[in-house]
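By written order: A, B, C and D. Residues from 1 in each chain.
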Amino acid sequence: MIKTAVVGSTGYVGEELVRILCAHPQAGISYITSHSNAGQRYSEVYQSFNGLLADVCIEENIEELAGKVDVIFIALPHGIACKKINKSILDKVKVIDLGADFRIKNKETYEQWYKTEHEAPELLEEAVYGLCAWKRDKIREARLIANPGCYTTCSILSLMPLVKDGLICTESVIIDAKSGITGAGKALSPGTHFTECNESIKAYKIASHRHTPEIEQELSEFALKDIKLTFTPNLIPIQRGILATCYAKLLDKSLKYEDIREIYLKYYKGEYFIRIMQKDVYPETRWVRNSNFFDVGFKVDDRTGNVIVIGAIDNLVSGAAGQAVQNMNIMFGLEEKTGLKTVPVCL
Amino acid sequence: MIKTAVVGSTGYVGEELVRILCAHPQAGISYITSHSNAGQRYSEVYQSFNGLLADVCIEENIEELAGKVDVIFIALPHGIACKKINKSILDKVKVIDLGADFRIKNKETYEQWYKTEHEAPELLEEAVYGLCAWKRDKIREARLIANPGCYTTCSILSLMPLVKDGLICTESVIIDAKSGITGAGKALSPGTHFTECNESIKAYKIASHRHTPEIEQELSEFALKDIKLTFTPNLIPIQRGILATCYAKLLDKSLKYEDIREIYLKYYKGEYFIRIMQKDVYPETRWVRNSNFFDVGFKVDDRTGNVIVIGAIDNLVSGAAGQAVQNMNIMFGLEEKTGLKTVPVCL
Amino acid sequence: MIKTAVVGSTGYVGEELVRILCAHPQAGISYITSHSNAGQRYSEVYQSFNGLLADVCIEENIEELAGKVDVIFIALPHGIACKKINKSILDKVKVIDLGADFRIKNKETYEQWYKTEHEAPELLEEAVYGLCAWKRDKIREARLIANPGCYTTCSILSLMPLVKDGLICTESVIIDAKSGITGAGKALSPGTHFTECNESIKAYKIASHRHTPEIEQELSEFALKDIKLTFTPNLIPIQRGILATCYAKLLDKSLKYEDIREIYLKYYKGEYFIRIMQKDVYPETRWVRNSNFFDVGFKVDDRTGNVIVIGAIDNLVSGAAGQAVQNMNIMFGLEEKTGLKTVPVCL
Amino acid sequence: MIKTAVVGSTGYVGEELVRILCAHPQAGISYITSHSNAGQRYSEVYQSFNGLLADVCIEENIEELAGKVDVIFIALPHGIACKKINKSILDKVKVIDLGADFRIKNKETYEQWYKTEHEAPELLEEAVYGLCAWKRDKIREARLIANPGCYTTCSILSLMPLVKDGLICTESVIIDAKSGITGAGKALSPGTHFTECNESIKAYKIASHRHTPEIEQELSEFALKDIKLTFTPNLIPIQRGILATCYAKLLDKSLKYEDIREIYLKYYKGEYFIRIMQKDVYPETRWVRNSNFFDVGFKVDDRTGNVIVIGAIDNLVSGAAGQAVQNMNIMFGLEEKTGLKTVPVCL
């Protein structure tokens, strides 16, 4: 059994980690930490764990945890993990960081978008961007995983095959993404107060959301050239789910649906967690709810020469805790889908 | 591995059965039937099963299935199962009926509330009412299980300890129950059209819902006297969950919260799926979502002498498919919680 | 034109007052106050007022406002209005308080339920409980209106005809009320964070909600005897609406639906804002949404001798701002429905 | 008083027309027709009208109505109005068609997108596309108004100033629009069954929605060249509201927010129903709910050279019935906002 610690266990991503790990057949939770709920039973914070988890939240001490467990999951706001992690810790324990601190390879880009100094630039090279479908080999050897963001996972998986094969005009990429409100986290704010976000739709952080450089970085790596794109996130009054609608000009206007499909099959055929929809069927977030799946569908708009690729994930699972556990499975040599075989809960 | 067939697999209860059985470590789905989707892949009906279940729905033929599987789950509208099941089928296969046909022991009561003749009265005595927490011993020996209704499971589990110990005035019982809209099923109707039930609350079938005699039958059996009660169901714009708020006059006004708690502990202590909330904490449907748990809390209203008992379940799991699988586990000698250990999905 | 001031204009009840008064043909808003948004344009707080209201929120000074307007609406948390209002203010201006401070006639009862000392007990006798349908004559003469609570308006209007005519056992009354989440107000809290109340149902303050003594006071006055009842409020994930389901034993078991209907017609026939549903049709909150209507339906449960009365209102209109404006209309001799003729928005 | 008839009054657009006309100070409803509810009281179909509208739905007979009223509103599925309307009817009565039949000027384009023959091509030239802000002068003289679609109103108003002034690359336009579910109408379907669209997001009719040619026609007219664009509609689990997010490449990359703002002010300054948001504030559908407003905000993405324009309307009001009444007001010489002054209901 792999011994795990979950740091920041009472945030929403933390809760999903705890929920998934509770049911993992080859890993166990040894420690759960929470600054705001230290001293409280986890099941008092989330009554759903009544009778299932008797643990009490402790204050986080990564130094100490490093000697006691095999892997530490960190689910903290950005800017904290990079203060806590260093090479001596990585000598003792594997770390999967679900925050943003190690995702952006370029220190300046990070600081520009996150408006804060990066305190562990020396780890940026070592950190592996944990997008399982595309970075499996590096993940296997990694000591430090930068678990991808939710919008980013969905956006990159949607566009990567087209980018990798050089089929789209990289100046034309637009992503209009819609997210359920768990994506905004547990912190109270007027914009996530029920009565102010229910029964309404809104875009936010238009062309300025921090997941933008992360998507650009990964797509650029595979495009072998610098990509800049426009990214618009929207909040939708549902619990979970991201739908990323990606638009790009096809370089070859003669490409048909079937051609595009072939390319996605080429890259994704063996991927258990990636499902390519049938023709004229499009992802809906309910089909992946509560699961680690990424569903993708596409349409060629002959009239305009655009291809529209639509991807869907559960933001808390494939977009956070699920992919983190998948990363752990890869790092520890387990079958990738161990503990992640949940059938999506469509109702 | 137990071989199962799911008859009526594309209704909502059927879908939950298929979903739960897909992940059951000691049972497998051999056949799924659907009249309306015969010939279609299950994953075309519910895209959530893409890549997980390749089966095609067949037309139901219980006679034939009886010889091929160990247990048949029937998830059909009332009035059909009683036409299909007979003693010769039960000689060959175990049957768990999730409909209403075998729940009411009294043929006249059934016919009066369901407005249809009962076509297999000879099976009413043999059928075991599958409320696991209270009928475990009989379930173990049963060939035919009448799986309890959703409102009924929640209501009976909420009230039974008080009724069994004779603590409440049985003429005073009122149940005001709230259900998510999956409870109304898959059939289209104006009342479950999104725009006509979203953002609204309504009671329906007031003092006339068919789960009433079922609750009364079970409570009466344990009260050793005839109970009549007022039952009001409400539809609430959420997917899943039932909250049953039960009111009754305490016979002994000196009883305190702690006394009531003792009684619930006496009956429910060893029950894995029953959780008694701490004082001043009350069930919310989210704490049991997607799980087989029943949560219960209570309050003594000193001012009026009423006890208020609040129970919560997931109507599709503990209120239907989950309890059906628990029944199967008991019938086949498996550990009761096999395949049902899901942590509730509270977000 | 009646000159009005709205004190506490940026809370939800305040917003509804401003919205309704904006469209009132015989009243105008002279001042809007807000402690938390003082100095801000109202339309910055609520963008819905863009282009419609250019006013800036000021700090509240009731003393000063009293000399400048005809009526002051106060929409503040309990315990504040009773510090601000006194006889010398009432000599200058009419006051409609939408908080709880002047609703409970008995100082001790107020202090017991609200856990705070009442600072203006000398005004309790003068204050008129502004339940328009039952207190019209007193309202006409009043200087100080205690505008009824939301649950209370719905509950009292539902039960009053039966209580007034002595038809129910007053020891048997149970009210199970469901409210949309605007009822919990604008203050942020975990329980009204979208992701923690959406897709769930919960009861709260069971047998201890502060609207209980208010309902009891009014029913007792008309029953000519002391009534104690059990009241359970529930939060439902919708914006607006209250459904109050009231249960009571009929003293005369031979009463039929038609008899009950007669009684409601006797009391409510001329009431523009009270609508009695047809037989077998029950209120749904959507039918009154955004309007000042109170809809009521009922069912006699012959099997148990209970009558079930179901009332529905929009908690922000008839349950707060709408009735407050109706009170103003009565106080100033306008037609009662002036400015309140909105057709309910059912979609 | 203008005498009106509403044909197709029990659909959702019909209901909104009836609701708005009920409160219109200078128009009255003389006849309401409904094929599916002929013979029923309107208030039985929509209980919200109890006590407000005693009318009974009649079978539609446009010929006959033409002689009795001043204006007929037609809210029927496409393909019907063009069979019913002809020049002799227009000699007698003004017609405002809320369906699609007279929106597309080019018969072939209509037939290609709507897959049906157009039966009144001789009226296409006469019909005026009733987009009030841009076609006011023609509307004033019109006998037949083609009331714009919901997505189209929101999309055209969002983009028109940029198109008119030739500021964007017309090959680059992408519209990603999100709609509440009333937009899908009253007809039952699995995709609008509560449990199958709640808690999920989905795109549909991608690059093939019938509002596409309508948007293209209007933008092309003002661009003085042929525009083709990609349009993706999405269904969001809310009642009302459309958010149209429009993307286009700026031809002049040096344009700043302030420049764009100037252009919108130039065209929209006097428009009561059009509100330009402040910098860094973006439309949310709740700010226009239940009102005839169109809110618009924009962002220049310096990094990519795209401009993002976000528009919001209430699909049933400004996107259908509200604009229809505004058209009537213009046609009959009333002040445009008569009967449409509702403050948006943001809670």
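Throughout what follows, a residue touches a chain if its C-beta (ideal position, glycine included) is under 8 Å from a C-beta of that chain, and two chains touch if they have at least 3 such contacts.
Note that the structure is a prediction, hence the values are computed from the model and not measured.
S.K.: Return the chains common to the contact lists of chain A and chain D.
M.R.: Touching chain A as well as chain D, we find B, C.
S.K.: Using the stated contact rule, I'd like to know whether A-B or A-C comes out ahead in C-beta pair count.
M.R.: Looking at A-B and A-C side by side, A-B shows more C-beta contacts.
S.K.: Give, as an integer number of Å, the spacing between the C-alpha centres of chain C and chain B.
M.R.: 38
S.K.: Roughly how far is chain A from chain C, going centre to centre by Cα mean, in whole Å?
M.R.: Spacing between the chain centres: roughly 46 Å.
S.K.: Which integer distance in Å separates the CA centroid of chain A from that of chain B?
M.R.: About 37 Å, centre to centre.
S.K.: Spell out, as numbers or ranges, the residues of chain D touching 2 or more other chains.
M.R.: 12, 182, 195, 198-199, 237-240, 284, 286, 289, 347 - these are the residues of chain D that touch more than one other chain.
S.K.: Please output the residues of chain B touching chain D within their complex, sorted ascending.
M.R.: It is residues 12, 181-182, 184, 186, 188-190, 192-195, 197-199, 237-239 of chain B that touch chain D.
S.K.: Taking the touch rule as given, give the residues of chain B at its contact with chain A in the complex, in rising order.
M.R.: On the chain B side, the touching residues are 12, 15-16, 19, 22-23, 46-52, 182, 199, 239-240, 272, 275, 277, 281, 284, 286-291, 293, 295, 316, 341-347.
S.K.: Which residues of chain D touch chain A in the complex?
M.R.: 171-172, 174, 176, 178, 180, 195-196, 198-204, 206-207, 228-230, 232, 234, 236-241, 243, 245, 247, 282-286, 289, 299, 301, 303-304, 306, 308, 310, 312, 347
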